[in-house]
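To keep things simple, chains are lettered A, B, C and D as they appear, and every chain counts its residues starting from 1.
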Amino acid sequence: MAIRTRQEYLASLKRQKPRVFLAGEEVEDICTHGRFLPGLNSVSITYEAAHDPLFADLSNLFSPLTGEPITRWTHIQKDEKDALVKTRLMRRLGEKLCACHYRCLTSDCLNAAWVTSFEIDRRYNTDYHQMVQNIVRRAQEEDLVIGGAIVDPKGDRRYRPAEQPDPDMYLHVVEKRADGIVVKGAKAHSTAAPYTNMLCVFPCRPMMADEKEFAVAFFTPVDAPGITFICKEPPSPGERRELENPVSSRFGQLETFIVFDHVFVPWENVFLCGEVEFSGLMLSVFNSFHTWHKCACRAASMDTAIGALSLITDYNGTAQAPHIRGYLTDMILSAELVYAAALAAAVDGHTHESGVYIPRRIYGNAGKVFAAMKLGEERYFLQEAGGGVVTTLGSEKDYFHPVTGPYLEKYLCTRDDVAVVDRVKAIKLVEDLVASPFAGWYHGMCISGGATSQTLRERVLADYNLQGVRERALRAIDRK
Amino acid sequence: MAIRTRQEYLASLKRQKPRVFLAGEEVEDICTHGRFLPGLNSVSITYEAAHDPLFADLSNLFSPLTGEPITRWTHIQKDEKDALVKTRLMRRLGEKLCACHYRCLTSDCLNAAWVTSFEIDRRYNTDYHQMVQNIVRRAQEEDLVIGGAIVDPKGDRRYRPAEQPDPDMYLHVVEKRADGIVVKGAKAHSTAAPYTNMLCVFPCRPMMADEKEFAVAFFTPVDAPGITFICKEPPSPGERRELENPVSSRFGQLETFIVFDHVFVPWENVFLCGEVEFSGLMLSVFNSFHTWHKCACRAASMDTAIGALSLITDYNGTAQAPHIRGYLTDMILSAELVYAAALAAAVDGHTHESGVYIPRRIYGNAGKVFAAMKLGEERYFLQEAGGGVVTTLGSEKDYFHPVTGPYLEKYLCTRDDVAVVDRVKAIKLVEDLVASPFAGWYHGMCISGGATSQTLRERVLADYNLQGVRERALRAIDRK
Amino acid sequence: MAIRTRQEYLASLKRQKPRVFLAGEEVEDICTHGRFLPGLNSVSITYEAAHDPLFADLSNLFSPLTGEPITRWTHIQKDEKDALVKTRLMRRLGEKLCACHYRCLTSDCLNAAWVTSFEIDRRYNTDYHQMVQNIVRRAQEEDLVIGGAIVDPKGDRRYRPAEQPDPDMYLHVVEKRADGIVVKGAKAHSTAAPYTNMLCVFPCRPMMADEKEFAVAFFTPVDAPGITFICKEPPSPGERRELENPVSSRFGQLETFIVFDHVFVPWENVFLCGEVEFSGLMLSVFNSFHTWHKCACRAASMDTAIGALSLITDYNGTAQAPHIRGYLTDMILSAELVYAAALAAAVDGHTHESGVYIPRRIYGNAGKVFAAMKLGEERYFLQEAGGGVVTTLGSEKDYFHPVTGPYLEKYLCTRDDVAVVDRVKAIKLVEDLVASPFAGWYHGMCISGGATSQTLRERVLADYNLQGVRERALRAIDRK
Amino acid sequence: MAIRTRQEYLASLKRQKPRVFLAGEEVEDICTHGRFLPGLNSVSITYEAAHDPLFADLSNLFSPLTGEPITRWTHIQKDEKDALVKTRLMRRLGEKLCACHYRCLTSDCLNAAWVTSFEIDRRYNTDYHQMVQNIVRRAQEEDLVIGGAIVDPKGDRRYRPAEQPDPDMYLHVVEKRADGIVVKGAKAHSTAAPYTNMLCVFPCRPMMADEKEFAVAFFTPVDAPGITFICKEPPSPGERRELENPVSSRFGQLETFIVFDHVFVPWENVFLCGEVEFSGLMLSVFNSFHTWHKCACRAASMDTAIGALSLITDYNGTAQAPHIRGYLTDMILSAELVYAAALAAAVDGHTHESGVYIPRRIYGNAGKVFAAMKLGEERYFLQEAGGGVVTTLGSEKDYFHPVTGPYLEKYLCTRDDVAVVDRVKAIKLVEDLVASPFAGWYHGMCISGGATSQTLRERVLADYNLQGVRERALRAIDRK
């Protein structure tokens, strides 16, 4: 099988029968349900890009594993060059206007599982790594989308997994059988899960010696019996828009709460089961990849925001005002610093013995925290520069109405070389980016997605060589 | 007539017949149209407060003009004590959970018109001031809501009003008659206008000698022939919610674009007509009042956000984590500084010869700019502390559904002494505050409402005694 | 005795014989020792102001206690009006160019001691309050400077006072005698102490039931036997400067470490001795006054910095550049917000039963934290706007040298209407404010003086009505 | 000649006879003048590192030009790998505790001259490039330090160079002779110039067609007749310190104002003379190198600051407090982001046709602006965490004094496993970093050195593809 097209991706979904609920109703076919379209569009851009001359060079390569053409999303990253190309691809895909295509998760999961299974095998003579290789091979051959199911509900925060009154607060093994395991629990915050081809499930924290049943990681088809997806509606308008929501009408992911109610997983899909000392490794490597991806991806969205600010101020006739140029510059500084963090992670990584080139985590984590904190500023600038009209202009229906339309056409005119309809569109673009349900969803994703800032901050502190610089300070005071 | 009740306010609206369009349709009766309800609720809290023992002491007083009981909204502010009480009232009203009751505009307009008309009369021996006194008296006797219609569409920003290719880009007088004037133009960004009792219309910038027809200010009933309101839907859900949108289901203003298509205004409602050197005064005084009000009001909303963060982290079981306490402290610091700006404006004002006590503008403007810039941080903290669940939890319909409900009930449990439904409500409160259409609208209002930050910054620089401190620096270098 | 002059203040110091060490040498007479001059100058501005028509109205009043004219520094503050006048005085004194005149401590100590002694007497029928009244009366009659000696060395931070391996880590009573007590310990961070007339010594934290000997507060002459002052040199150049250090050549305090080695204090100077439940009250009231004062005072220094930036950019010829105007505006915003915090504290305080009007603590603390955090920004702006020349221009000796002087005269010329010597002076002013030892000292004082930000942050969180806003959030989710 | 030692570097200075003034006196021999020692120490660390096994691998390589071993400072950078090694070297040199070794300028000047001369030759068939190659060859063979002399005094900012009332405000050619040119003018802000081996002089702005005489760039020995250095004292104490100023006692550069009073430059040292369209190129390439270097170097200093904060809080006993860990994390975030900018510039550069690999300018500029803005925060954290003792502790003379020493030894004790003298040293380290003349100098260098933030901001805006993202926004609103 070759690199898939959008149609082939959608066809693969048609063959899956996940149990999906959305807004209080069971969804029979997500491919024909309108509310899933923004999500399908979002994931599809990675398939479209693979066949688009503008992106193909960055997107596609020959797999060292299969020798066949694949996309980078299923590739086991082998060196710094790989990482740099992927970094550039992630930012370039911003051209497609989609804030999150989710395909980075495929890469995060496969690479992290590759490393984790390798390490466990080395210690325990298990044969997880061969299984993961098979999954990767299949992911490459079928150009799959893989979803991450990571964050347990956690229950009472005062207690460890083994101490929870309800043991299901962390997903765990309830039965071990000759042919596989049965798991129970749930995973929250699983973006796009129902329209992936396969889930990668693993612990959201390291487990201790008495928590073996919680130390479990595996792949599973999305329609395995016992899996239920409870979806949140996409941050997109429920009806067709002509001028409004130019981004969120087309793109936007559904978030999912996944219940695993006695789900059977055959051994050939399991790559961690009780080896507690490796229970944190998967998340750790995943994190190195994911925050790196997020930095590049966030820079791409910042570019879009900068473009929007440039356009609306051009139409408003204020583009050359010094304060507007200052806003642009501040936004560019943020975008380039976040992207620099992605490039640094790519160039300053290391190659794990299993052959995976792992980006340097501290940059991705630092960049992601910085990006999360800067989003408020970005929105301030867009609201400031867009002006009150972003907040107060009525709907496109007013613009198309025979009584109110002509009034708006007359009074929204600024420069005579800018069509009023274009200015209205630009206003609605800014509104979509800063004041829509999409804006709210994106804000949350930037802050909480891939770990909250506080978690990442703690990791940054742990990753930094504090001992080394304290010794430097000691040398300073001893004048050595 | 006494201080009105909510019912009396609504009854007064019933008697008005404004021409209103909303989302592409003409609205016959705003009082019975569901989309207007959040707006009516918002304004009504000022009427409810006047009859609520918790607020009445702050809200109500005897009018020095009529000797009758009135609310502070129609009062001509006479001293620092008045201003301090109003400041406290504005923050206290945060208890009512409404982010903007809009009633401050009544006060802003009446006080500014009082000053402006007094000044013009003194120079020109006009009799505007008596007219304004009559309006104030009526506003007090009938406990009116007055709306502001201020911001002209502005057209091509390169040109002054008189230079615009289309002269209607700034509202202007097209005919002077014995009994009044006829005006044409439009006013953007007019919050709540259709459900006020009277509009106060005035220029959004000082006019020059050749722009006499643009120097016009007046009061007008909202249903004067020729006035058309093009409304934006409120940032509220269009259907009933049980758990979601606890704030925006109830409160939220409609923004309006107002067209004045040959509107007749009798002389007894006009208080500026051609006296260009006073064309900027109204805005200037209005601004002194309005940004002061906004600081107190913004602090009130910050309190609500702090409460929401405290509640959700309490339910999540993270309230005592040092970083959470840090977020709370940062939010409190911002709230108290913004409120301090309001108090400072109140205490450091001056009494105009006409008898109006005008708050010191620099504090209100500085506080408003600071508040606008801090909103992004507030949302960052709420998203961070609320956690991914704010972004990913599905709708209340999932929670009430027989299949998915029990799953959510089981897995959203944190502390055993917190009912899951309460945690869901708290999550939905945070979502309402940071990731809803309400959040988008409120963000825009904080930044653009009452002038964008750049405009206020320029005024702050102009108001500050730069010459004085430069002379101090000169004394420093000359060691005097 | 009347309000003192500078000369009378200095004469009073002449009569005192404190044991003072500075830079490794014992100082016989601080009044004639050159390194003490900046400190004496600093305190003296409060005496000069009292006799200067520009400040006298704000500075002086009739004492309700003695009926005689006094300065505000010794006044027991009785109402909001008092507090507002003092706030204005503190900012106005910025005209004198001294960053810290230290006289606010006199006020902080007297008012806090007044409240504390009143409270203890009420509970224990002690007669401390009469003693404090006597001290206040004397301070008013003799127009004294009173120094604060508050912060204990603290020893090992893991232990409470009573648990310290060395009990002297917190100042404590070692002997109680019929005529008084003997104390031992030390107090760090005591600005200006040797050139005050009297010290006010009190605990830097609340003491527990088993820490009675640490719960001690008293006044003492600075030359009581057993007191040793170990002084840090002032942040001033050690030699005369013509053009350089225009501020720090004249003004700047000495910091002192005070050792109390078996110091006798007669009962008539003691106002807390073992009443542990009141051991934190003195600090608490002191803090309410001190951070309030610091906000007004910090705004005054910000004004000076703004003046310096305005002047240097005027001389550089860049004053009208938009980014320079932006820097000015940002600095003004900070100054006005910090001052607003001071005004708010003044206007929103309460009158204690003892008659003292106590400013509202949360504003002073919030403003002080904000000011401390903004200092880095102020310096960034001054360095940015001043340009590289602030960092690279040699000393005034080069400017006065026959070879290098003419070169500098030629090449430092900018606008032909600005004398080069004036530009040099302005450059040196900016250097003095941001890159001198004075700059370093002032930075530390802004951050650590009167409690570090973390301490104040915790107090702000404690002072805020968190319970109240959480209940508001509860009402929100219950739609009440 | 091989890679030089510190001794060989100093010997080379001995052979030079520059005309140097410092603090109003002419300096005969900078090598034996105590005030020059910190500068000589600073530059020397690059020579010491070359012979230190810890740094040699990063520092040294074989020159593609001479085939001999050289240091990276004289190397013509040929690829991304070169750039990455240099980036790492710059940060690693932080171990040496010197905030600025100045050697990056050698690299900046040689590489930029290489590119510039190549471009001019291509257009004009001049033979500048061969001359530059000769200089580079000599710099490599003799392992030279090269100083930059770039910033003209600029005179009246309203006028271009050709318009200045005094033509010397920009350095220019006053005579062209067969054997060379004679130049007149001055260059400000020239760090370390007198103790370099050679100056590289070039315009600080692009010149226009009528400004040919100002378009001049050349190398010159530092002791060419007519050159006068007016030096600013180093930010180091003038006397020996045992405990104080552990960094600035040893390291710190002198800033120089250089006068060129009819200086003759032989043609073989000139590489731009009248080719106005290339007058901005040198600065542009220089800037690409210099801000990149500064980002790596600033990260190195941030590491030192982080080490100092870690050490002092360890000694104070507060290292584990959550807020201290938060400060550390914030500082690490900044350090890693700034360093990420350096890595990104290194990895995302391009190879010029002349063979020079030029780092991507936008990252270095963005990183430098970010670093400059973050310095205030770094100092805030150090002051906050260090505590009041940083500001108030007297000099080491008090600590060594027989009377005051024992008091300090007793009362400065914190943890019993930390020697008080070590705590004093750590306090003095923090003071040296944040509150000393060194701190002031370093602050200025971070902000103004290598162009002020405003200049860099304008370049960032110009370098960013604004047109590209505006077109993306256009595609968004047209839903393409």
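In this section, a residue touches a chain if its C-beta (ideal position, glycine included) is under 8 Å from a C-beta of that chain, and two chains touch if they have at least 3 such contacts.
All values reported here derive from a predicted model rather than from experimental measurement.
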Chains touching both subunit B and subunit C: A, D
Comparison of A-D and A-C (more C-beta pairs in contact): A-D
Taking each chain's C-alpha mean as its centre, the one farthest from subunit A: C
Separation of subunit A from subunit D, taking each centre as the mean of its C-alpha atoms, in whole Å: 40
Intercentroid distance (Cα basis), subunit C paired with subunit A, Å: 52
Subunit A residues counted as touching two or more neighbouring chains: 323, 326, 457
Subunit A-touching residues of subunit C, taken from the complex the two chains share: 322-323, 326
Residues on subunit A engaged by subunit B in the complex (per definition of touch): 21-26, 151, 153-158, 165-166, 168-169, 186, 188-191, 228, 230-233, 255-257, 259, 261, 316-318, 321, 323, 372-373, 375-377, 379-380, 383-384, 387-395, 397-398, 400-401, 403-404, 407-408, 410-416, 431, 434-437, 439-441, 443-445, 447-449, 452-454, 457
Of subunit B, residues touching subunit C in the complex: 84, 94-95, 97, 243, 246-247, 249-250, 303-304, 306-308, 310-311, 314, 325-326, 328-329, 332-333, 336-337, 339-341, 343-348, 362-363, 366-367, 369-370, 422, 425-426, 428-429, 457-458, 460-461, 464, 466, 468-479
